[in-house]
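These are the structures in question, set out in turn.
Paired with subunit B in one complex and with subunit C in the other, subunit A is shared by the two complexes that follow.
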Partner chain A sequence: MQAELRKWRATFEVSWTNHLAYRLNFILLVFGPALVFFFIKYNLWKSIYTMPGITVLQGYDFDQMLQYQLLVLIVSLMAQGHNSMKLADDIRLGRISSYLIYPFSFFKFHTASFLAFQGIQVLICGFTISFLMIIPLVTFSDFNSVMRGLYFASLVSFLWFQLQFLVGLLAFWLEETWILRVILMTTAQFLSGAILPLEFYPQSFVKFLDYTPFPYLTYIPIKIFQGDSINLLNASLVLLFWSLFVYAINHILFKRGVRLYTAAGM
Partner chain B sequence: MIHAKALSKSFRSYIKQPGLVGSVKSFFSREWTTKHAVENFDLEVQGGEIVGLLGPNGAGKTTLMKMFTGIIVPSSGSVNVIGYKPFERSIAFRQQIALVMGQKSQLWWDIPALDSLHLLGSYYEIPEAELKSRIAHLAELLQVSDLLKIHVRKLSLGERMKMELMSCLLHKPSIIFLDEPTIGLDLVAQKTIRRFLLDYHEQHKPTIILTSHYMADVSALCRRIVLVLDGQKQFDGPLEKFAQILGTEKFVKFQFAESQNPNSESFQGFKATWNPEYTRVEMQIPEKNLRDASIKILTNHAVVDFHTEKLAIERVMDELMSNPALAASTQNHAG
Partner chain C sequence: MIKTIKKYSRVYRHFVSTSIALGTSFRLHFVLLILMDLLFYFSSLASVSFIFDHVNQIGPWQRTEFMFFVCFMLAVDHLHMTFVSESFWELSHQIRTGSLDFLLLKPIGTVFHAFLRFIRPASALNIVVTWGLLIYYGQAIGLLWWQWILMPILMLLSLTLLVTMEILVSCSMFITIESFGINFLRMQLQQLARWPDFVYRLWARRILTFGLPVILVGSAPVHWLLSPFEFKFMAYMFLAIIVMWLIIAPVWRLSLSRYESASS
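Right, the complex of A and B next:
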């Protein structure tokens, strides 16, 4: 057990060292996509709300929409920062060979790297929330909601990690997986409520989405941050179910995929 | 240590005709081809041996290494390495093997080698104090103590290869797979690594399986050669026997102070290749005549330098590669 913990700790340390090796790259990687996306959306909504006759859309006035989009930024920083884009390249270019030889499983290595990254993300997220509260651009009903929101967003990050991993593993079969990644990202953005709050979609469609993991990626964490009365235990169990479901698929995919691995270029 | 029986590995890939038309055609209808990288390969390796896998590019050497280390799964046949089926990749198996790939770095590129070594130390469950002492010892032997804290990407190829060797020897593996460990290195670095490997083997007696295109590596390290051509074993035996599979003639070079008469009696009866000035000759002399013929030339001609071929296996490999038909005749030598 102690030896196993040492392996995890050492992987954390190397991941942190790796992430922090290039300062500018790291800062851009962490803040870039979410921040750019936020500013695009900010300008877009500002233009929409300055159109004549539009003050409230589906129950959201401009300030509420801004709050919503800022929370999207926080949730995406906290839960969707990690990407395993490298995994597909590593498989395709035969770079996972070392991990098949070291006595620390491939899955554990990637999970430990993800957790290390997530540790950094929590700090960054804490900093971002504090900054947005001081300005003040974002307001929370109470401290408890913030903690509940952070907790839930952490759970979401596991599901997101598993989904990304799934797409990465498809590189065992497909030579290029970037388009699948784009499809996953775009679908997730739309269906999770990261672009539009789910109130904007037809009721029947939202009901259908309840049977998918998508609302749990953005919309529900935002509602928790906003202090809405969402049963945290139930939501956590649903998220856990989806995470375990995707994890099980990943496990099967890896076992089958690695039999096709050719370690190209070695 | 290694028991492989009828081991085979095939890879399937599709053929695409060049150009846009070819791309469009292959989009709708793909023609597939199967390459048999390794076919019906038998191999027995005893503990402590150093075995050289020789063969041209694409012969199947690296595919064998990948199967022995469990990186890829064989298409058919059986393989057992130190009592384990490699492709099951049990942790106990991984604890006892090491692989160095000359063409691929296994160290983390963006961090100092020391960080990678500490990470690997924890993976191999080496106690902290022991790990520090092993790192210090290996670094001293390879003369890289002052490079441990430098980012791997900043190291030269030779320095990086030394770090790769350190990382694979940290856990004292019982079997080491070296895939082109000296590729691209200068002569001094090649020699240093060969010397180090010999010393390490002498001290710890691990089994070593080596592939290299440098015959100097093979002749310095291996006592046993396995020749692989087109995925099949063509020779398996001692290094000395390999050097003789195309005949026992010795290749001797003589350098003279002045022009010689190539029709002189001393040079008759043997195949001789002269330079245009007739001041240098390379002769192929049967082993049994070597002593007498050499004495005759040394006595009757103004010889300023002479030497016998240092790397006979290099010539054998050259000839086998330039004339693959010869390989068939070596079949009889396969052990």
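Right, the complex of A and C next:
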């Protein structure tokens, strides 16, 4: 058990260092897009709410919309920053051969690496939330909402990791997986309420979305942060179901993919 | 001059033919690229359409004008995806691995080769969608025949301004060792250009017009198409293109002097 924990810890530390080796690159990859995304939406909604006669849209006044968009920033930093670029490169360039003979599995290695990334993201999010509360641009109904929100965003990050892992594993079959990553990002942003609150979407469309995991990626975590009456247990179970479902697919894909693996460059 | 143009045309023909051969080698990859672009077009249009389900206008524009702007930017984006996008990603790889050496040794302009080498044939097919949408919304706002004739020129001007700015941003790849993030920064410029100027607050608008003139990419031509007697934005756009073209060569040379030629 202790030996196993040491492996997790060593991988965590190496990954932490790797992620922060090129700090400017890390900031541009993770923080930059989220900030620009927020900057555009702030300006867009400000220009809409300054139109004469517009004070409330679908239950949101400007302050509430601003809060929503800031929480999108926090949730996307906390839960949707990870990508499977390295995983896909490892498979494509034949670098997973070493994992196959190490006494630490491929999945465990990438999970530990993800946890290191998530550790950095939690620190960034903590700093961002504190800063936004001091200004004050974001207000929370109580401390409990913040903790519930952070807990749920952590669960979302795990589902996001599984989805990214799934895309990365497709490198066993595909020459390039970046297209699938972009498709996943575009679809998730649009359907999860990251661009607009779901109240702005046609009702029939939102009903359809209820049967998908997408609202749980952004919209539901934001509502939990805002202290809305969301059944946390139910929401967690839904996320757990989707995470296990994708995990099972990943397990099958890895087993089948390894059979096709040619260890390019060996 | 004509000899040089002929030489570069011949080289570009080879770029196109090798890119087609490369792009069609992996069929699923080819189809997924088309799907990716279509999803992006759909989400961009649907987001604006959903907003207009609840408001009558944003700034001075109503739904049709705004949708026309979005379609214009999608058409520019389509040209960008087809003709230049891939080369920026490759450049980052070439600088990191040192394979840019081979490019520097060739008897051809390095900027030409570095930024126009790769073409995406799959994205090219989406021209039917982007121009179909542009024609639909162009007719809805009542564009005249001469405006349609000028449309491809305006689009090329927009693409030129955008790509020029991106080349300047990409020069910083020579300074950072891992330059993947610079490409993400470049993509953020595109994000900013996808919204009209009046959406931005006054200070942001000034910076994005005169400092980093990214909002001129779409706003200048579309404003001019909607109000042909107002030349202000187009004048800014021409000025921005001229200034940026003038500084590309020295900035590129300066950046090359920082190139470390990794692993050679």
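Keep this in mind: the second predicted complex is superposed on the first by the 262 of 266 C-alpha atoms of A that agree within 3 Å, B and C clash if a C-alpha of one lies under 4 Å from a C-alpha of the other, contacts with A are read in each partner's own complex, and residues count from 1 in each chain.
The criterion applied here is as follows: a residue touches a chain if its C-beta (ideal position, glycine included) is under 8 Å from a C-beta of that chain, and two chains touch if they have at least 3 such contacts.
Keep in mind that what you see is a predicted model, and the values were worked out from it rather than measured.
Enquirer: On the A-aligned overlay, A:I134 touches which partner chain: subunit B = first, subunit C = second, or both, or neither?
Expert: In the superposition, A:I134 touches no partner, neither subunit B nor subunit C.
Enquirer: Return first, second, both or neither, reflecting whether A:L123 touches subunit B, subunit C, both chains, or no partner chain.
Expert: neither
Enquirer: Answer with first, second, both or neither: which of subunit B and subunit C does A:S97 touch in the superposed model?
Expert: Only subunit B; A:S97 stays clear of subunit C.
Enquirer: Quick check for you: in the superposed arrangement, does A:R259 touch first (subunit B), second (subunit C), both or neither?
Expert: first
Enquirer: Quick one: classify A:Y22 as touching subunit B (first), subunit C (second), both or neither.
Expert: both
Enquirer: Determine, for the superposed model, which of the two partners subunit B and subunit C contacts more residues of subunit A.
Expert: C
Enquirer: Just to be sure I read the superposition right, which of the two partners does A:L233 touch: subunit B = first, subunit C = second, or both, or neither?
Expert: Touch status of A:L233: no partner.
Enquirer: By the touch definition at the top of the document, which applies to A:R9: first (subunit B), second (subunit C), both, or neither?
Expert: first
Enquirer: Applying the document's definition of touch, where does A:M1 land relative to subunit B and subunit C: first, second, both, or neither?
Expert: neither
Enquirer: Could you tell me which stretches of subunit A are touched by subunit B in one complex and by subunit C in the other?
Expert: Common to the two interfaces on subunit A: residues 21-22.
Enquirer: If you look only at subunit A, which of its residues touch subunit B in the complex?
Expert: 3, 6-7, 9-11, 13-14, 17-18, 21-22, 94-95, 97-98, 100-104, 258-259, 261-263, 265-266
Enquirer: Flag every residue of subunit A that touches subunit C in the complex, lowest number first.
Expert: 21-22, 24-29, 32-33, 36-37, 39-40, 43-44, 46-48, 51, 54, 57-58, 174-176, 179-180, 182-183, 186-187, 189-190, 195-196, 200-202
Enquirer: Which residues of subunit B touch subunit A once you look at their complex with the stated criterion?
Expert: 11, 62, 66, 69-73, 89, 91, 94-95, 97-99, 101, 103-104, 106, 108, 110-111, 115-116, 118-125, 151, 179
Enquirer: Under the touch definition given earlier, write down the residues of subunit C that touch subunit A in their complex.
Expert: Against subunit A, subunit C makes touches at 26, 28-29, 32-33, 35-36, 39-40, 43, 46-47, 50-51, 53-55, 57-59, 176-182, 184-185, 187-188, 191-192, 195, 198-201, 204.
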